[in-house]
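Below you'll find a set of structures to go through.
Look for chain A in each of the two complexes below; its partner is chain B in the first and chain C in the second.
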Partner chain A sequence: MALVLSSCTPSAPDTAVHMGLAQAPVNLDPRMATDAASARVNRLLYQALVRFDAHARPQPALADWQQLAADHYRFHLLKPVPRFHDGSAMTAHDVVATYQSMLKPGASPLAAEFSHIRKVWAMDDDTIDFTLDAADPEFPARLIIGILPAHLIAAGHDFSRQPVGSGPLAFVRWRGPLVLQRQSDGQRYVLEEVKDPTVRVLKLVRGEIDLLAGDLPPELLVYLQTQPALKVEHTQGANFSYLGFNLQDPLLANPKVRQAIAHAIDRPAIVRLALVPDSRLAGAILPPEHWAGNASLTPYAHDPQLARQLLQEAGVHLPLTLVYKTSTDAQRVRLATILQAQMREAGIDLQIRSLDWGTFFDDIRQGHFQMYSLNWVGIRTPDIYRLAFHSASVPPLGANRGRLQDAELDALIDQRDWPAATQRIHALLPYVPLWYEGQFVAMRRGLYHYTLAADGNWDGLITVTRNSKNDHAD
Partner chain B sequence: MIRRVIKRLWGVLPVVFGVLLLTFLLLHLVPGDPVDVMLGESAAVADRAQLRAELGLDQSLPVQFVQYLQHLAHGDFGRSIHSGQAVSSLLAERLPATLKLAMLALLIALLVGLPLGILAALRARHWPDTVATLFSLSLSAMPHFWLGPLLMLLFGLWLGWLPISGMTPASAIILPALTLGFGLSAILTRMTRASLLEVLSEDFVRTARAKGLSESHVILRHALRAALLPVVTVVGLQMGSLLAGTVITETVFGWDGLGRLLVESIEKRDYPVTQACVLVIALTYVLVNLVTDIAYQRLDPRVRLS
Partner chain C sequence: MKQLPALVILFWLAAVMLAAVVDLQPDHIHLEYILAAADHHAWLGYDDLGRNILARLLSGAGVSLLVVSAVTLITLSIGTVLGLLAGFYGGWLDRLLMRITDIFLAFPGMLLAIAFAAVLGPGLNNLLLALCMTSWVGYARLTRAQALSLRQRQHVQASEALGASPWRLMRHHMLPLLAAPLVVEATYSMAGLVIAEASLSFLGLGVQAPQASWGSMLRDGVRYLLVAPHYVLATGISLMSLVLAINLLGDRLRDHWDVKRA
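Take a look at the complex of A and B:
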């Protein structure tokens, strides 16, 4: 009782910005992070050599570069060179140490991306040279790993729990919620995991958290839009949702069956009625505004009659029974039931299997599925087409989960002919492209300048400001 | 007495071994690979193999189990596959939070369930009995994942008295404790009512009344003591359920306890953490049952530990 009462005593006002997360970061070492939440936080804590413009073209961030030969790049650190949060100055040796530490066998799950680096060395304090085993025109776009201080790498510092970077936000503590602090003005941020979307919304409405970015079902977003103390902003997203097929399945190996399924789905209706605002139809993994995007792909129109006809041409007896696997996420299950209802019209009996994430993902990796749905999040380079569709990328070597084998597509990917490759993928239909879900932020009035990103990153925290005087003015 | 307790403790060992074996087998046999969860899909095959070897997952299941038992015999729960933290330190961080929550829930259950049960028995088939019955049936029918958000809406959002979720401030424990405690109080209400009604018709109660003792004396000193025997058993059994019940409640309320740690470790296929959490919960079950037996013996000398 004493504890409870003590909590009622007045305390200093909390000026930190509290953000509710559906999933807490796992690892704050940028060499080790593989989950979206960790990658988003690491963007705030560290700086990389390059960043991307609106078309996902690499731009200088910490350094600009010259291509000295097809297999030789030189990077120059831009002035002023930043300091790390421990006060030490960044030099080319820190860049070299960061990348060298990733190249050691087993040192990083991201090492495969850099396996073609033959050598990386510092020419002087500001210049770094990379030589490669093979020409790689997209090499600068790969250098998005946050730079770590060389002396701490040498000392075996645990960056995963005590990160030291040079980014706009610095690490304060991570015991329960993760606490960060903006370098420019000392503004603190508390990043708190609240798994249940309803609880996240209740906490936002009550003021226990100040903002939420993404990861809510549309009806909760609609509810938030009715709350006078809150404001909701949204923009188009670039994270790609798709329906995947197992091409080793006797039924789904038939392209007519895959086409029938594509025609059975009324994607515009789902986007309009069951997704958050600013969601849009997708044609390929990379959106049309991406430099390697393809806006000329003809969508598979909703046509249940055509779908039935295609199934009959494929020699399939109706109703065709197919098993669709998805996670236990409520929105995913809801979308599955919508797909089920739509496909019924085309003579397809979709059996839904909702599995916990570990089981679901393992089944997909092992090829134990007929159909499934997943997202690609934060994709920046067209190398995703190699990872997802090349014959050499069948798990465990990559993410060709549907086991697509097509020599023509492999050749197009090897030639980096992205317009032709995306056209070929569209025709082969290993995925039904679904949509790019809109991005949104819901925040309490009094918070300003949170800029939304198409990939759902949290860079808006760098610029967000709090104005307590205007709490109910905007 | 001490000898009997030690004998009972020896009897716990097969139970613990069974729990360890079952947990180990179930975890390793369900689909899902911690290496996949940790490395994602882009990692090289060699890196996967190296990590698998580092984690000891390349060994056969019997070898892994024997190694696990050997480490456990030295008090070593291992390290979390994901965070690298010692599992013992994770347990030391999380267990106190769960125990605090479970104890407060038990206290709430006793404070609500016993008086309501007594009232229902003393006013059987009258309106207090009907209200108490309705209350207990309603609460026992509500799952934690539903009752929790309802309490959040009422006390957190509409009344604004308590935090919605989290570990701070200190009052944040009240809603999860109410969620857990209300479920148990419903069982206690029903149990106390039924037990007290039965005892009130016994001869010794009639004798006590015939001796001219006051009604409160008869109820509190004679009838209730006898009626509480089955209630103590239920409380003991439910204490274990409380710990298991925190799995859902802690997740809903963002309470950083053992239950939430267990859920997270299952999602990530963090085998050492899952095994340790299940072991602690199982041990608590067994030990609480033992304590219940001892308490039962104290309350009823006819009962002997065997």
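Take a look at the complex of A and C:
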């Protein structure tokens, strides 16, 4: 009888914050995670040695550092040193164990970032030394891997499904939705995957989820803005969209053809009419507010007549037929169709090939393309210019997918002269820089203090608070 | 009312011919009109790239009817020939051809078409190929079953006794009697092909952007169901009207020719 009665009693109100994700995280081991959702959750679960300020300069997080020599760095853990979620205290040995476990061949897909570490060791419980094979002034900016407990690494613990970190949020369980808990006040979070954007929006409107961040067509964002129970916040983003060329293609090797394509695209119209609010035109991979950004680059203006003239000067017979590869993502195909229509005005017949992600990315890495479009997400260091444009970075050694070979640019990158390097890249045009898409969050009115990040991370969950009275009033 | 299915099919045929003659600019993009409601330029409104939905529906109907006609013609020919040979000659040829059709029948047709389209890659030609590879089986089974029965008919045996060649027996004495059930089967198959073409395009395995296809229009329309229901409704109703009309016409033909009793 008591059991029957208890089952009829209303259950306690669910105070957890439910977040709808377009894509669930795959791997919660920070040494292994390569997808955006996993990286964003891992930022909440773990702490790293360094963090970045608003201009993407590395700042001390867990540790401060000093450069003892061009190839020798010493890190000191800051007091108070945090504890892991299993109760053990963090020491320099945990940092050493984390990075040593990544240096073994094949141990981590992120190991290339650390391949030049010759040795890492603990001087004492609070001090870690790194020596390198070559000088690397950007080295501290690479140390953004979450620190794991050494005793669990030694025990072969499965961090990918049972993460144990020291971050502001602790892991609770992961059966279906991922459940996390804020360390400071016990606030719970339920992160559930809802792939379809319309279903995600409907769940938010009905109150089945409390917030969602990014990954919606702009029209659905406008719909959310009209819902009285919801509020939408947006800010400028830093994730770079670009149109890439294969410079080994006989047509696209001609700079006039690349310039013609750049002039054929009406980027301001796309940004204004087909992207989410706060999207802005891009000039280089790193945005102007980045310490290595370059705000002085002159954009390629939309001018179909000039584009035709450049093509004629290049000796191309119009219409020029080019193949453009993209994924099957609906928003990507939509943007490809817009580019196709705009280029038609300039005498370019763009043939769209929409391929599944695996085939598409494999083609891009192997150089089987004429043109393609992709994003650079979460880029923090100007080393991206070496990775994407240096002659020595042709895949599989790097991400110079367009096979750009330019000795002058190589020298500028080697000298770390970023203003000159970005200027040179802008002139060579291996990419047409498109835009930095805006970031947004949509949440129920009972939620407060979610801070948006330019790279779309979910750090806002650390500060978000729920006013349950207002929420129920909704 | 009895003529409604035929009228609907005639309407779509006329629309396709109109779209072929008049340049309706189905791919012309107006970003300012993204998902805008109907006006005097676009009677059914605008899609997610500001294109005229009516113009794209007519253009998509052309793709659907092209696929349906081409696949039906090819598969009807292949299936009929194979079924007739199997039913007429019997023996090892019959067993071989029927084992092959059994293998194709063992997989759901749509799943097999998706697998073929995925392996061959997206595009109209590959879409046609994928549908052809899976759609001939029904005709082959039907023709073979009918041929087994027709082979025993007295007029066929009399003609054979008089020295008629196998070709003459099949061409003049069996094929004309197969026509009615095959046409009815083709009608039902055509309705299935409209759905199959739309399904493959819905999955991104059909015609490529910017070419209009009802399947890809449905896929895009569903994404904007909350903000522009006119888009998905216009496409869905068009698809339903054509499929329903073809099915009703098939029923009418079956009743008219009394295929079951034949």
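Throughout what follows, the second predicted complex is superposed on the first by the 461 of 474 C-alpha atoms of A that agree within 3 Å, B and C clash if a C-alpha of one lies under 4 Å from a C-alpha of the other, contacts with A are read in each partner's own complex, and residues count from 1 in each chain.
Just so it is clear, a contact is a pair of C-beta atoms (placed from the backbone, for glycine too) under 8 Å apart; a residue touches a chain by one contact, two chains touch by 3 or more.
Everything numeric in this text was worked out from a predicted model, so none of it was measured.
Enquirer: Check whether A:26 is in contact with chain B, with chain C, with both or with neither, and answer first, second, both or neither.
Expert: first
Enquirer: Touch test for A:318: chain B only (first), chain C only (second), both, or neither?
Expert: A:318 sits against neither chain B nor chain C.
Enquirer: Could you say whether A:366 touches chain B, chain C, both of them, or neither, answering first, second, both or neither?
Expert: Only chain B; A:366 stays clear of chain C.
Enquirer: Applying the document's definition of touch, where does A:202 land relative to chain B and chain C: first, second, both, or neither?
Expert: After superposition on chain A, A:202 lies in contact with both partners, chain B and chain C.
Enquirer: Check the residue A:69 against both partner chains and state whether it touches chain B (first), chain C (second), both, or neither.
Expert: In the superposed model, A:69 contacts neither chain B nor chain C.
Enquirer: Contact-wise, after the overlay, does A:111 reach chain B, chain C, both or neither (first, second, both, neither)?
Expert: Only chain B; A:111 stays clear of chain C.
Enquirer: Please tell me which partner, chain B or chain C, touches more residues of chain A.
Expert: B
Enquirer: For A:338, is the partner it touches chain B (first), chain C (second), both, or none of the two (neither)?
Expert: After superposition on chain A, A:338 lies in contact with chain C alone.
Enquirer: Just chain B (first), just chain C (second), both, or neither: which does A:220 touch?
Expert: Only chain C; A:220 stays clear of chain B.
Enquirer: Using the superposition described at the top, list the residues of chain A that contact chain B and also contact chain C.
Expert: Touching chain B and chain C on chain A: residues 198, 202, 356.
Enquirer: Quick check on the complex: what are the chain A residues that touch chain B?
Expert: 3-4, 6-8, 26-27, 34, 105-106, 108-113, 115, 158, 160-161, 176, 192-196, 198-199, 202-203, 205-206, 208, 356-359, 361-363, 365-366, 368, 387, 395-399
Enquirer: In the complex formed with chain A, which residues of chain C make contact?
Expert: Touch list, chain C to chain A: 27-29, 31-32, 34-35, 48-49, 118, 121-122, 204, 208-210, 219-220, 222-228.
Enquirer: Can you check the complex and tell me which residues of chain A touch chain C?
Expert: 197-198, 201-202, 217, 219-220, 222-223, 269-270, 273-274, 328, 330, 333-334, 336-338, 340-341, 352-356
Enquirer: Enumerate the contact residues on chain B facing chain A in the complex.
Expert: These residues of chain B touch chain A: 30-33, 36-48, 50-51, 54, 82-84, 149, 152-153, 156-157, 160, 163-171, 173-174, 251-254, 256, 266-269.
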